[in-house]
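Let me begin by presenting the structure, written as C-alpha cells, before commenting on it.
Per-chain residue numbering starts at 1, and chain names A, B, C and D are given in the order in which the chains are listed.
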Amino acid sequence: MILILKEGTPPTRVEQLCDFLKTLGVTPSPILGEGVTIISLVGDTSAIEPESLELLEGVERVIRVQESFMRANRKFHPEDTLIRVGDTLIGGEQIIIAAGPCSVESQSQINEVAQAVKASGVQLLRGGAFKPRTSPYAFQGLQAEGLLYLERAARQSGLTTVSEITDPSQLELFIEHVDVLQVGARNMQNFELLKELGRINKPILLKRGFSNTLQELLMSAEYILSGGNDQVILCERGIRTFETATRNTLDISAIPMLQRMTHLPVFVDPSHAGGIAWLIEPLALAAVAAGADGLLIEVHNDPIHALSDGQQSLTPPQFAALLHKLRPVAAAVGRTM
Amino acid sequence: MILILKEGTPPTRVEQLCDFLKTLGVTPSPILGEGVTIISLVGDTSAIEPESLELLEGVERVIRVQESFMRANRKFHPEDTLIRVGDTLIGGEQIIIAAGPCSVESQSQINEVAQAVKASGVQLLRGGAFKPRTSPYAFQGLQAEGLLYLERAARQSGLTTVSEITDPSQLELFIEHVDVLQVGARNMQNFELLKELGRINKPILLKRGFSNTLQELLMSAEYILSGGNDQVILCERGIRTFETATRNTLDISAIPMLQRMTHLPVFVDPSHAGGIAWLIEPLALAAVAAGADGLLIEVHNDPIHALSDGQQSLTPPQFAALLHKLRPVAAAVGRTM
Amino acid sequence: MILILKEGTPPTRVEQLCDFLKTLGVTPSPILGEGVTIISLVGDTSAIEPESLELLEGVERVIRVQESFMRANRKFHPEDTLIRVGDTLIGGEQIIIAAGPCSVESQSQINEVAQAVKASGVQLLRGGAFKPRTSPYAFQGLQAEGLLYLERAARQSGLTTVSEITDPSQLELFIEHVDVLQVGARNMQNFELLKELGRINKPILLKRGFSNTLQELLMSAEYILSGGNDQVILCERGIRTFETATRNTLDISAIPMLQRMTHLPVFVDPSHAGGIAWLIEPLALAAVAAGADGLLIEVHNDPIHALSDGQQSLTPPQFAALLHKLRPVAAAVGRTM
Amino acid sequence: MILILKEGTPPTRVEQLCDFLKTLGVTPSPILGEGVTIISLVGDTSAIEPESLELLEGVERVIRVQESFMRANRKFHPEDTLIRVGDTLIGGEQIIIAAGPCSVESQSQINEVAQAVKASGVQLLRGGAFKPRTSPYAFQGLQAEGLLYLERAARQSGLTTVSEITDPSQLELFIEHVDVLQVGARNMQNFELLKELGRINKPILLKRGFSNTLQELLMSAEYILSGGNDQVILCERGIRTFETATRNTLDISAIPMLQRMTHLPVFVDPSHAGGIAWLIEPLALAAVAAGADGLLIEVHNDPIHALSDGQQSLTPPQFAALLHKLRPVAAAVGRTM
C-alpha cells in the first residue's frame, strides 16, 4: 500500500504519520522524491482500509498496489485449478455443460429432462429446489423433496448434479444429496453462507452478483478458499446496466479478465444473462469463443408450463441443436466439448 | 394483467389462448378493439410471470397493470404506518435519528458514543456486531459480545438500539438484545432471512440493496409483511452507478417515490451513500428537505482508529453541529426533530 | 399506442378523453373489458410522447406497442441491408475488417500501417483526423491534413477508408476524401450532425453512445435514414457500467438483438470496448461467434509512442495473428473472412 | 504523475524507462523505496495518457496525482466565480431561478409564461428553440423564430434568457438574441461546439451528460475556460442508472462534490432529473438544502398540450406554490431567493 502525501507536508508530519502507521502493525517506509513524498507500507495490509488512511492529515491519496485476494490470485498460483466432479474434470481442455430446468417440478419432469440432456452429451444436471424469488407469492421450489428428485434423476441417467443453496441451514441436505453446490447471484455476498461453504469438501459454483465487480467476486471466492475449500468455480451470468432490451447484460469480457486474475475455472450462464430463449445460442457461441470453461443452460421439457424462467429455457431438441452448433466453435478455439 | 396480441392473430388462436390461461387459475377476458386485440386477466395474477406468457404464440407483449406488492402498497393502505420503538414513534411528524459507530469495538467505546449522541437528542443507538465485509481478512465484528455491549450502553443512556442481523441463526440473540433489527444492503434479497423476520414481532430496518430497484425493495418488504410482521422501515443508502467520485450515488428521488408507492416509513443513510465524512452534512440536509422520516448516521469517538468505515464517520462534536443545522431545515418543511 | 385507464373511470370521462385524443390527429377507439378500460389509438402516433398522455386524468399507463423507429425496423424491411464500399460488400456472408491507428500521425505512419493491414487481408483502413478528446490539452488530431494522408495511404494500398466526422462544417472535406464517415459514440445524439449525414450519399458507420440503449441507437439511425441516406452501419463499442476492470463493458447481446430489431449491418469495436490490447483477441472471437458483420480494430506500428489509444492497439504482427485465429471461428459459424 | 513499477524491475530497466519518459517532455525522478520503486514525473503531464504508459515493460500502474482540469480547479482558484447576467449575480448568496417551457411554441405562449414566472420572482426565462429530440419525428422546435419570441417575451417582462444551442452554425443568432447559452446533456462532449463557446463572451450553462462523470463535466468546462471564456455555470440534471421508477436519477451529491472540486456555480434541473411534475417539489427542496446556486425548472401554461416534456412541467400556480415552499428552506441554509 502506498500513501501519496499532500504537497508541502513538513518532515515532522511525515514522521508523525509513520509513527501512527506502525501502530497498525505494518512498517512504513517514507520516500522523498522531487515534488512528491510517498510512504510505502511493508507487511500484511489486508486488514487495512485504504479509505480510512485518507482521513489522516497530510495524506492526499492511498493506493492498494497488491490485490487483496491472495488465494484466488493467479500471481501466487499460476497453474489452472482443476476440479473433479464424478468422472468430469472442470477447468481443463474440455468445455463442461450443466443443463436442466430452473426448478425441479416433479420426478417425471426432471427424469425426462435428465435423459434428454444426457443424450446430448451433458455432464451435469442442474435443477433448483430452493428458489430465491423476488416475490413472496411466486413458486418457492419443492425444497428437500426437489433435491431428492434431482438426485434420483441424475443417478438413473449417469449424471452429476448442481443445485442452489440459499441458507446455511440447508447444508447437511446438500452435502448428502448434491454434487456441486451453487451460490446464486443474490447470495454472492451472503458472507455467513460463504464461510460455511469454506468448511466443506464439495465443489462450489459461485455466481457473480448482478451488480458486483470482478474484484468483489474474487473476494467472495476468497471467503471459501480461505476457509479451506479450494474447489470454487466462478460463473458470469449477466450484470445490471441501463439497457433494458435484455434482462441483464452478459459481461463477455469477464471471461478473459477473470482467467487472467485468477486460476479458478470460469463458467457462463447465457440463460440468465439474456433472459430470452432465442438469445441463448448467440451468447453461448460467444462465451465458448471467448474461452469459457463451461456453460450453465436452462432446459425444460415444457417451457410454457414451467413454474419459473420458462421464457429463458430451451426445449430438449433446441438444446441438442445448440450443442451441435457449439462444437465446431469449441474446436476452432482448441477446446473439446 | 393484460396480454397484447400480435396483429392479425386469428379468433381461433385467441380462443386457444383463453383456454390455456384458464388453466393458470385466472379468468381471461378477450377484448377486440380496432387494430388491436387484448386479453385481460381477472383474478389473482401474483404468481404469474408476465415474461413466461410472452412465450405463447400470438402474444406480442404482457403488461402487469397492478403492482405485485400488495401489503406494502399505499393504494390498499393509504394511511402512513407508524412504528413504536420504546418512547419513539417512527413515521410521524418527528424526524428520527439513529446514530452510532459502524462497529461496536469495546464497551467503553460504545458507552462514550452513546452518551454523546444521547446528549445531541438522538433516539436510536446504532452499532454493528456482525459485520458483512467484502474481504474475509477484514474485521468481522465482536459478534454476540458486541450486541451485549451495545445493549448495555443504550440502557445506561436511555436509548433504544438498531443493529444488523446477517443470518437466521442469530435470530434468538437479536430478539433478546436488540430493539430494531437491520437488514443490510447485501442481504436485501436474502429471502430465507426475510422469511424468518416476517415471523417475529420486532421492527425491521430494511436497507435497499445497492443495485436494487424500488420495486424490488418493496417486494422484499412484502416478504416480511406477508409473514405477519408489519413493522418495516425502509432505508435508502445510495446506489451503484458509473460515477466514482462518491462511494455510492444517493438516490434522493427514492424518498418521495417510496412515500407515494408505500405507507412504510423511509429513512436515509447519508454515511454509506457518500462514503466521506464531509458529505454527510449536505446529504442529510437534502434528505430532510426531501421528506425523509429518519436518518442513520455513523458517529465514532475516534474515526482514525475505527476498525471499519472511519472515513465516513462524524465525531460527536461534528455530529452535534450537524443536528444544529438540520433542525431549521426540518422546521422549514413542517417537521420536528 | 394503448392507454390503460384507471379502475372506475366513468364513461363520461372516457368520452372526454377520446375527444381530446382526436385533437392530436389520431383516432381513439375505446375498449371496455371486464375490470379494465383501454383506449387504443389508430393512426400515426410517432410524434406523440406516451409520458405526456399519462398526465391526463383517468389514465393509468400509456404503452407504445409499435416501435417508433420505422425505416430501421426489420418488421417493415425484412431482408438484410447490403452496403457497397469500393469492391467490398458489407452486411453479407463475409465478415469485414476495418483496421488502422486511432489517429493518423504522419504520412509514413499511416502508410506503414496501411500496407501491413492490407497484407493481412483487410478491406477498410481506419484512421482519425478530427479527434474528440475528453481533455482540451490532449492531441486533437491532424485535421484536414490527416484526412489527406489517410486517403493517400489507402489509395496506394488498394484500401477504402473510414474516419470520424465531428461537426457538420467538415462535411465537404469528408465527402471528397473519405469513403465511410464514422459518427463517434459521443456524437451519436448530435442530431444536427445526423440530419446533415442523412442528406449525403455515403455510407455512415454509426457508433453506439456508451450509455445509449439499442432503441436510442436505432432512433439515431432513423435520423439518417429518414433524411434519405439508407447506408447506415451500426457499431457496438462497449457501454458504461459499474465495472471498472475494463474501460467499457462490451454488450455482446447487442449483436443478435440489433440483428433482430433491424436490417442494418452490425459491427463491433473490441479495441474501445476492452480498452486493453490483450483483450482484443477474446472479444473479437466472441463478436464473430455471436454474428457480427464486421470488426473495427486499432492497429498501430508503434503503440508505445502512439499519440492516442496506444494501450488498446495491436501491432501489425499481433493483428495478423489475430486474423489467423478469427478465420476458423468465422468458418465455424458459416461466415467467410 | 506517478509510475509504480513491478516488483523486481532491475535498475537498468528503470534507467531505460527514465530515458524514454524524457522524450515525452517531462522530467522523471526515480524513487527507490523498500519493496517498491516509483518514478515521479515533474512538469506538464496534461497531454500524457496514464493508460498508455502502462504499456511500458516493468510498469505496474500509473496514477495521475494532479487532476487534469486546471482552470476549473478550485485548488488554483479558491474563490467562487461570480457571473453577471443583466442585474442578476449568479454564484453568490442568492439562489437564482430559471423557469419557462421546454419549447417555445408561440409568441403568446411564451409571453404568458414569462409574465407568470416574472410575477413569482424569477430572474431568467428559459425556452428551447432548437430541440435535440431522440426521434426525428418529434417536434424539433421553432428554431430562429422561437429565439425571437423568447427574446421579445423576456424584454417585455424584464427577464434575461437562457436557451439551448445545438450546433456551432447557430452561434451568431444566439450571440445576438440570447443572454445565457445552454449546452444540453447530449452535447456535453460535442467538443467542436465547446471550442466555439470558448471564444465568445457570454455565460454558458453546461449541463452534465446523463452518463458523464463529474471529472468529465469539468474537462468539458475546461474546453470553454481554456478558450478564454470564464463564464461557465454547471448544471446537474440527473444521471442514467438501472432504476426505472424515475426518468433519471438526480445525483444530489454532485452539488457538494462539484463545489469542492471547482469554483464555478452549480445549478440543478429537477424537471429532467425526475421526469414527472410532482417530483419537482421534493427534488428542488433537496437541491436548495444541499447548496445549489440555482434551479432550472420547466413551467408551461398548458402542460397537457405542450409539444414536449409536458409531463415534467409545472403550471404557473404550481410553480408559485413551489417557490413559496423553497424560500424558508433557502433561508434555513443561509441563502436568499
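The definition used in the following text is that contacts are C-beta pairs under 8 Å (C-beta built on N, C-alpha and C of every residue); 3 or more make two chains touch, one makes a residue touch a chain.
Small disclaimer: the values here were computed from a predicted structure and weren't measured.
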Query: In terms of C-beta pairs in contact, which of B-C and A-C ranks higher?
result: A-C
- request: Taking CA centroids for every chain, report which one is farthest away from subunit C.
  value: B
- prompt: If you average the CA atoms of subunit C and of subunit D, how many Å lie between those two points?
  reply: 26
Statement: Here the gap between subunit A and subunit C, centre to centre from mean Cα coordinates and rounded to Å, is 32
Message: As a quick test, compute the distance in whole Å between the mean CA positions of subunit B and subunit C.
response: 39
Query: Which parts of subunit C, given as residue numbers and ranges, touch two or more other chains?
result: 211, 240-242, 244
Statement: Within their complex, subunit C touches subunit D through residues 20, 46-47, 49, 51-52, 54-56, 68, 132-139, 166-169, 186-187, 189-193, 195, 209-211, 216, 219, 222-223, 226-227, 240, 275, 277, 303-304, 306, 308-312
- line: subunit B partner, complex, touching residues on subunit D are 211, 213-215, 239, 241-246, 249-253, 255-257, 260, 273-274, 278-279, 282-283, 285-291, 325, 328-329, 331-333
- prompt: What residues on subunit D touch subunit A, complex-wise?
  reply: 2, 4, 27, 29, 31-36, 38, 40, 42, 60-61, 63, 65, 211, 240-242, 244
